[in-house]
Amino acid sequence: MAYVVPRPNLTWKEKIYLPSIVAGMAITFKHLKRMIKGETHVVMQYPEEKWDKSMPDHYRGAPTLVTDEHGRERCVACQLCEFICPPRAITIKPEEIPADNKFAKVEKRPKEFEIDMIRCIYCGLCEEVCPEQAIFLRKDYAITGITRAEMVHDKAKLYELGGVFTGLVNKWNPKK
Amino acid sequence: MDFLTSSDFWFLSLTSLAKTIFLIFLVVLPMVSYTVYAERRVSALIQDRVGPNRTGFPTSLIPGFTKDFSPFLGGLGQPVADAVKFLLKEDFVPGHVNKLYFWLAPCLAMMPAIVTLAAIPFGSEFLGVKMVVADINVGLLFMFAISSVSVYGIVLAGWSSNSKYPFLGGIRSTSQMISYELCMGLSAVPVLLVCGSTGLSSIVNYQVREGWLLAPFTNGGLSFREIALWVPIIIAFITFTISMFAETNRLPFDLPESETELVAGYHTEYSSMKFALFFLGEYTAMIAGSALIVVLFLGGWHLPFIPDGAGQGGLNFLHAIPSWIWGLVNITAFFAKVAVLLLVFIWIRWTLPRFRYDQLMKLGWLYLFEIALVNIFLTAGILAFTK
Amino acid sequence: MSPILFYLFAAMTLVFAVAVVANRNPVASALSLVVSFLGLAALFVGLDAYFIAVIQVLVYAGAVMVLFLFIIMLLNIQAEERRKINVPAYAAGGLVTVAFIAQLWFVLQKFELGKTAFAPLAEKHVDDVRNVGNTLFSTHNLPFQVIGVLILVATIGVVVLSKRELK
C-alpha cells in the first residue's frame, strides 16, 4: 500500500525562519540554564565516582585466567583461544606437566600465557571457545600502562586478575 | 630623515606599538583561547554534558603548593593545555601536497583576521591616547577589504592539499565568501548613510552623541526620526549579522569545513601548529566580526551616562573620578560587548543545523542581497524626509 | 610616506607583476597578481588616497582575483609547457616595448606640469570617500551614468547568454 507522505504547507512564520531560530535558541537556553542550576542529572564524574559496585557479573572487561578450588590452573594449553582470537592478542607456549605432579593426567599446561592488551578488543571469543572454562572476561576495564611492554599481561598477571573460580569443570578432580 | 627626530613620530610609533601588542597578546590571544574554551563548555552545557572541567593551573609543580589551582568553573587551564598540545604535536606534512602553498595557507588564514583589528576603535581615550591602532577614515571599507583577502588562506589550503575533501571545502568557501561579502557590504550601507562617514571612530562618535543605532534611546530621548530609522537599522543588523556568520564560517554556514560531509574541509590535511593557525584565524575573525557589529550597531565602547576618557559627556558627578579610569571602563565595556556577542555566536552554533549548499546560495543571493538593497533605499528615503 | 617604503612597495609591485608573466603555474601567477595589487594599494596609501587603496584591495585582490583563482582551480588548468624560444617574436616584442618606453620618455620630457613639485596637501585627513563621491556625482556625472548603463547592458547580456539553451 503506497503511502504518500504529505508535504506540510509552511505558514509564513515558518518560512521566515527567524522565529524558529529564536524558538530553538530558547530550547537550548533552557537546557543550559537547567544544567547550570544543577537540575539536569549528570550521569557520573568518572575517576571520582565509579560504577564498580553496581557492575553486573556478566561484565566483559579484560580477559583473565582462573584457577579452580585446588589451586590448579584450569588452562590445558589447547591453544584454541590463541587461534580464535581475532586480533591475535594471545600467545601461548605449552609445556608438559611432569609425571610426579598430582595432575599429571592433564598432560599439558601453559608455560607462558600472554595477552597483549593493546591488541585485545574485548570480544570474549576466547572465553566462549575455551573447553576448560579457564579464561574469563572479568571486571577490570581500565587497563593502562606507560610502555607497550607493560600492556602485555603475562601468566602471573592474568592469574592475579582472574582469581579463583570454583565448581565449573570437575573432570580433572582426583577420584574420591 | 627629519621625521626620525620629531617627537611626534616617536610618540605615534610607540603608542601604536603598545596598542598593537596590547590588542594581540593581551586581548586577542587570550580571548581566542577562552572562546574555544567557552565553545566547548557552552556546547556541553547545552547538550546536558559537563564539558572540560578538570584542567587547572598546575600550581602543584611549584614547591610550597600542594594542590592545583582550579578556580570556580574548573577547566580554566584547558586553553593553556590545548596550546601546549598544539605546539608539541607532530607536524605532519603529507607527501602529496604542494609544499610552498601548503605552508603559506595557514599564515594567510591567520594574518588578515589580525590585521582587520587595526581599524577597530576599542576604547575612547586612555591617558590622552586614542584607543585605535589605525584611525583611518575608511575604516569600515578597510575591514571589508582585508577580510575579503582572508579567503586566500582557505582556498590555498584546499588547493595545495591535493586531495578531494579539502578541495571541495576550498571551492565552497570561495563562492560563499564572494556571495556573502556583497550582502555584508550592502547591509552596512544604511549605517554609513545615517552616520555620514566610513570611519569607524566617527561612527562610534555619532552613536555617542545620538544614541546607539540599535538602541537610539541611550542618549536619553526618542525623536520621530530615530523611531523611523529604527526599522531599517534593525533589518540591517539582522542581515549584517547573518552575513557575518557566513563570512566567518560559523555553524549554520560552516560548509567549507562541515565535519560530517567533508571530514574537516580545507584543513583536513593539516596538523599541529598549522592546524592551530587556522583555528586561531577563524576565532580571530569571529572576534573581529563581533567587534565590527559592536562598533556599527551597539555603540562601540560607549556606555550611557559614563563619560569618555577625555572627560567629556556622561553624568556630571562622575567627573570627580579621574578620567583614565573611565578610559579603562570604556575599553572593558567594549570587550564585554564583544564577549557577549561571541557567546551569542556560540549559542547559535549549538542550536541550528547546517544549511544545505543550495539553500545557502539561495538565501544569500535571493533574499539577503535584495533585502539589503531595498533597505538602503528605505534608509535614504527616511533620511531625506525627516531632516 | 618615507622613500624607503615607497621603493619597497614599488619593487614589490613590479617584481610580482613580472612574476605573473614569468610563472608557469597559473595559480602562482594569479597569486603574484594579488601581491602586486597589494603593493599598488600600499602605494596609494602613501599618497593618502585611502579610499582608492582600500577599493583596490576590496575589488581586485578580494573579489576579481578570487574569481580568477576559483576558475583556475575549477577547470584544473595545468602548468604551461615550456615552448621553444621563437627569436623573431621575442625581437618584435622587445622592439615594441622599447618603442613604447621611448615614446613615454619623449612625451614626459615635454610635460612641464610633471616637473613641478606640488605642495603637500594642507589638510592631513581628507575625507576622500566624500571627495570621490562629490566629484563622481557632480563634475563627472554624465560619464558615470554612461558607465552605469554600460555595466547594466553587460550584466543583461551575461544573463541572456547564460539562460540561452545550447542547441
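For reference, chains read A, B and C in written order, and residue numbers begin at 1 within each chain.
Note that in this section a residue touches a chain if its C-beta (ideal position, glycine included) is under 8 Å from a C-beta of that chain, and two chains touch if they have at least 3 such contacts.
Treat the numbers as computed from the prediction; the structure is a model and nothing was measured.
Asker: Tell me, please, which chain's centre (mean of its C-alpha atoms) is farthest from the centre of chain B?
Answerer: A
Asker: What pair of chains is linked by the largest number of C-beta pairs in contact?
Answerer: Comparing chain pairs, contacts are most numerous for B-C.
Asker: Measuring from the mean C-alpha position of chain A to the mean C-alpha position of chain B, what distance in angstrom results?
Answerer: Computed from C-alpha means, the inter-chain centre distance equals 48 Å.
Asker: Taking each chain's centre as the mean position of its Cα atoms, how many Å separate chain B from chain C?
Answerer: 30
Asker: Report, in whole Å, the distance between the mean C-alpha point of chain A and the mean C-alpha point of chain C.
Answerer: A distance of 68 Å separates the two centres.
Asker: For chain C, which residues are in contact with chain B within the complex?
Answerer: Residues in contact with chain B: 2, 27, 31, 34, 38, 50-51, 54-55, 57-58, 61-63, 66-67, 69-70, 73-74, 125, 127-129.
Asker: Using the touch definition up top, name the residues of chain B that touch chain A in the complex.
Answerer: For this pair, the touching residues of chain B are 42, 45-50, 238, 347-348, 350-352.
Asker: Hey, which residues of chain B end up touching chain C in the complex?
Answerer: Checking each residue of chain B against chain C gives 1, 3, 101, 136-138, 141-142, 144-146, 148-149, 151-152, 155-156, 159, 167, 170-171, 174-175, 177-178, 181, 197-198.
Asker: Residue numbers of chain A touching chain B in their complex, please.
Answerer: The contact residues of chain A facing chain B are 18, 21, 24-25, 27-29, 31-32, 34-36, 40, 42, 45.
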